[in-house]
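Please go over the structures that come below.
The following pair of complexes shares a single chain, chain A, combined with chain B in the former and chain C in the latter.
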Partner chain A sequence: MTALAVTTRRHNPDLAEWARRDSWTIGLMVLLALLLGFTKLIQPNYGAFGIQGLGISIMPLAFAAVAQAIVVIAGGIDLSIGSMMALTSVVAATQMEGQSGTFGVAVVAGVLLLGIALGALNGALVVATRVPDIIVTLATSFVWAGLALLVTAAPGGAAAPWLMSLTTGAFLSDWLPKAAIVLVVIVAAIWIPLSRSRLGVSLYAVGSDQLAAFRSGVAIGRTKVIAYAIAGLFGGLAGLSLTASTGIGTPVPGPYTLQSVAAVVLGGVSLAGGRGGVFGPLVAVIVLQLIQNDTTFLGIDPNYALVVQGVILVGVLILGSLLESRRAG
Partner chain B sequence: MAVVAASGRGHAAAAWRTTLRDRPIIPLIGLLALLVLAIEAADFGIVTPEWAGVIVRASIPLAILAGCQTLTMLTGGIDLSVASVASMAGFVTATLVNSPGGVAQGIVVVLVAAALVGLVNGVGVGVFRVHPLITTLGMSFVVDGLANVWQLQTVQTGAGVPPVLRTMGSGIVGDVVPYSLVVFVPLAAAIMLGLRRTGYGRLLFAIGDNPVAARLSGVRSWQVLVVLYVISALMAAIAGLLISGLTNTASVTLVDTSLLPSVAAAVIGGTSIFGGRGGFGGTMVGALILTVLSALITVLGMPEPTNQVVFGSIIVIVAAAYTRVTSES
Partner chain C sequence: MKRDQVARRLAAILAVTSIIGACSSAGASTAPTAAAQASAAAASQAAPSVAPASAAATAAASTGAASAAALSAGSYKIGYSNAAGVGNGFREEQVCTAKAQWKAYGGSPSALTVIHRNTDAAGQASDIRSLIAKGVNAIVFNPNDPSALNPALAEAHSAGIVTVSVDSYVTDPNTWNLYNNQVMYAELGAKWLFEQLGGKGTVWYTRGLAGNPADDDRNEGFQTVLKQYPGIKVVPNDQGVFTGWDPATTTRITNDFIQSGQYDKINGIWASGMGKQIVDAIKAAGKKYVPIADADIGGFVNQLLDTKDFPGLTGAAVSNTAAVGGAGITLALKLLNHQPVQADPNAGHPNTVLLTPQILDNTTAQGRADLQKWVSVPGLNALWPLSLSIPGWTTYDPNTVPATCSGG
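Take a look at the complex of A and B:
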């Protein structure tokens, strides 16, 4: 266990070691800085207001990416996140409609529990049936989407006012969007203790080598179920932030599943499992959203934004693999 | 004596399991027969030669798309760009009907476009070693975006699915034999013979089974993979042409809903998502199973949302049962 902890911990006093291990995230931060500079260049007025808009618009995908990152680190993949967001979002919106703010708090708690339950079910199915994760979550994505349509066939419902005000506007300084603060606080409050716990180490262990983890005494099944359950919690948060930012619930899943996979990989999490964190994917989400904003601002057809997204996704990874092979060679 | 008998029975059970494992198509055909019986029980007299023709016609494009997944999965990959390529193929052909070269020109254009997409996929996967999931996902963004741009530019020309594609996709000879078999039978024969009898087919298995061993034996994996993804994209384009003919629709999102079923059909058909095991025979039965399943759900008169829930649940159950029957232990 100690050996595992040492190899998976990122807190190494050696700065060079840190730079080497987190070189991907550092590269991504540079890309983000360049993009921000570019944004300021093409939109001289881009400032606090733009940042606030950015804060709100990244929220659903950011939570989805964190959910995906946790599952992928544990060696799985969750293709049901988009549908899970649709389901939790419509449940929240329909239950909050016409109710008091206090009842809204209960709804939020209930929706988060629902997310955990959906995630745990994914995990339990993966463990119990031994069917590949990609297939199980593919199948449950149909189930969640169907259930969302059963809850409400058409977009509707409402969000509690406090929930919406929690994500709009800024806090203390105009440059600190509330949405971003909520996002960072929630992710940090869950991820930091988790990644430092025995469970967090188990997640990495199971993801990097299941057999070795088993022989080191890690309960594989339990760890996987918990990973999916935590992902479900973040899926619920993503669904809630959809409701909070749009004010309604939409039963048809958005493009979040595939985009979350894209953000996770762009964020330096290996699809083979056991490597990466949630910080990289968060930066990747901002990068993807900024690209979309810039293409919109430049008056480029929004469809090209999709093309650019795809090119960046593949291009960055090709670049990464080239750098990797040069370093190895 | 009793001991001998018992061990004999154990032997028989083991032999039976081995047979099932080596010939996964047997339990699959059993399941298909069960589903047909169920649909006959649900709506007495529905199962006729004409009905079978309709089912086969509907499952042919799905089987081709699932064939893309089967071939790529054999090497440990996957192709998530098939739906985008297929939609693009159907749509672009329809928009080129009134061009000087007519339908033939349209088909040539989309096949060349598809081959280019496959080439990029293959280079990304084979040369730069970017994960197939991500490479093909990125390319699906690119293709979707470009198809949307094309749609905006050709919106005035009044697209229509050319009659020859309508005949090819939806025509049924003598109410029983679908026209699309003309395309499908040679294609399926080529895939099955190619996998079993040619060196190229064996290379696919070799790369999926043990990429390192394949490389050490002198296999140039990247060449094999580039060709593979081009083949996959071409097959996706053919499936797209058939689907647009079958539904008499030209839309850039036409085939999106078939992406996940194409993966499901390949997996239910016994192809391992981890590579090295599987074949096209099982995939064809898998596509038939999914088609009959949808028909059964429709016959039972379930509303669309319930339909999705049941569909997803059954995929998990079938995959779980299948994994149990054919597992090594």
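Take a look at the complex of A and C:
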């Protein structure tokens, strides 16, 4: 898919065309609806509170998945997201401890800038060294994780109260978790203008076919660096949401890197680059979390959730390559 | 281009395998906390004829006696969250004792929801919210962090759910804490060891994990006793050496210690749960044993009792019971039944029950017989803590615990 194809696609409002193009996301939403129905079936009193809990629980992974999606769309992969979250989270928590709420605003801004800088550094290393993305970001993941431990060796720090209140409870209706609203508003405010801009088209073009993008006049290196920088911004948001939901920073990275890859794959973003969006991965994160919750409601070993998630992931990859080979053949 | 695609495929496969692999991966080091029986003797002497269920109410660790009403699972639903150390002996045993105690109260397996997985503090908060959504009456949990779960715990309280933190404390004001008195763990072992040396000599001080609350508490206890024995010198220094509660690290540290000749200059060892590895390394090096104080881990206690393979080994085991899981179930049921629970005024945290450790050594026939009782539970993993009962807090037959681990 070239840049040109992406541009024409967006100007076609035809519903059938939309269904065909986003069939994966639609399928995913059906899966989510079925899972919600199943959850209600096994846990009849599942309701507003369950949804609120879901909203808070998905937040860190959702931001991480958006970060991963943007890099993957641009033809890369970022294995340092989990460590980046740990680093930004401990920086936020240690800087906010004992400070005023107003100072907290400055810390949030600083941490987001830090995320952008870490991401840009990833991108610059990938572009400058021509070492595969997977190796560069694996290496930097150790750097970020080490720095996080240097910031604080043990979990600690604090979060500004206003930041914590952003993630707990509901807004307007019990069924609208604040965390989910914050998530959607932030992602939409960044992603919608981005995907409609020239830069957004370049991201898809670079991920889809670098040579074609280069011949169409896209600055490959610059686009890649920007993609990683935006991923860093979302990585910083993911780290902040960890601090906001727990009130502390933990220097040891959580399981977010690989789960973000899982969410991106399940969310219909092609690992070959150039295809997909951030909406699919967001739905995928909810699906993954709901599977985890259902093991609790069913009273079965929660580690089955990992097995189920892994099996789904393998299935998606097999399905994806089957579809691809059919298209090619 | 093609090579990049291959690389990305590989990444995805890596993701899949790691997610699945996470199932079996052992969690990070976890405090081999817990301990317990001591004032048991006192409690059972005071009420020698109490039935097991009411014995649960004669609090061994807390100062005051509670009501004698028997506890039963009734129609309650309990949630249990352990979010680190899957595969770690202490954490596994802790979960088993919770299941065994629930069974002993007549609870059906389906009314006890156990979420036992490795995750971070945010993940444990998510697990607690799942349990709230499930509509349980009480949540017993081993916290991944003292304060990170507070928002989720506050939600539990507004839903009318009783919360009990075991093995470590949380700062949430409405949650009850129940854990082993780690200060006393260190004091008992240190006092025994220093007495063995006649109050004079050099002691190798091997600790647990730097920054861990249980390790900090143990250090406090060790230092307190050390001050009372001016004739005792500590190596490598007053702050000791950290094993990280990791068997491989402990073996390496001990080998280095022996090879550098430092072992030949010491008279005793204080250990924080890694005694088996230390004794094994001394035996492998063909050195003479020095008295050692450690925890009630099966492997170590078996060494103390094995005079054939470990001739001349003198040691003491301080209990650090993992039965805090079962005790947590008892505490939750007491709170649900509005039975009085006495908080320990010296715990340093409100709403806290501290369990008193017990020390047994192999220098007397009585001590050996008591140690033998600890290792008599069939099917118990050698790397797990041995003391399975906490008088006043657990009522199950310890022999049933290993079966609970493998079954539902």
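Methods note: the second predicted complex is superposed on the first by the 305 of 329 C-alpha atoms of A that agree within 3 Å, B and C clash if a C-alpha of one lies under 4 Å from a C-alpha of the other, contacts with A are read in each partner's own complex, and residues count from 1 in each chain.
The rule we apply is simple: contacts are C-beta pairs under 8 Å (C-beta built on N, C-alpha and C of every residue); 3 or more make two chains touch, one makes a residue touch a chain.
Please read these numbers as outputs of a predicted model, since none were measured by experiment.
Applying the stated contact rule after C-alpha superposition, one finds that A:Arg130 touches chain B and leaves chain C untouched.
Legend: residue contacts after superposition of the two complexes on their common chain; A:Gly217 is shown touching neither chain B nor chain C. After superposition on the shared chain, chain A has more residues touched by C, the comparison being chain B against chain C. Of the two partner chains, chain C is the only one touched by A:Thr168; chain B is not. Touch criterion met: A:Leu317 reaches chain B and chain C at once. Once the two complexes are overlaid on the shared chain, A:Leu149 sits against chain B while remaining clear of chain C.
Of the two partner chains placed by superposition, only chain B is touched by A:Thr140; chain C is not. Applying the stated contact rule after C-alpha superposition, one finds that A:Leu271 touches each of chain B and chain C. When the shared chain is aligned, chain B and chain C each come close enough to touch A:Leu258.
Using the contact criterion defined above for the overlaid structures, shared-chain residue A:Gln43 touches chain C, although it does not reach chain B. Residues 79, 132, 134, 153, 258, 261-262, 265, 271, 301, 303, 306-307, 309-310, 313-314, 317 of chain A contact both chain B in one complex and chain C in the other. Looking at the complex, you find that chain C touches chain A at residues 1, 3-5, 7-20, 22-23, 28, 79, 86, 109-110, 113, 115-117, 119-123, 125-127, 129-135, 145, 147-151, 155, 159, 210-211.
Only residues 80, 120, 124, 128-131, 133-135, 137-142, 144-146, 148-149, 152, 260, 263-264, 267, 273-274, 304-313, 315-316, 319-320, 323-324, 327 of chain B touch chain A when the two sit together in their complex. Looking at the complex, you find that chain A touches chain C at residues 43, 45-46, 49-50, 52-53, 56-57, 60, 72, 75, 77, 79, 132-134, 153-155, 164, 168, 209-211, 242, 245-248, 250, 252, 254-255, 258-259, 261-262, 265, 271-273, 289, 292-293, 295-297, 299, 301-303, 306-307, 309-310, 313-314, 317. Taken in their complex, chain A has these residues touching chain B: 79, 125, 128-132, 134-136, 138-143, 145-150, 153, 258, 261-262, 265, 271, 301, 303-311, 313-314, 317-318, 321-322.
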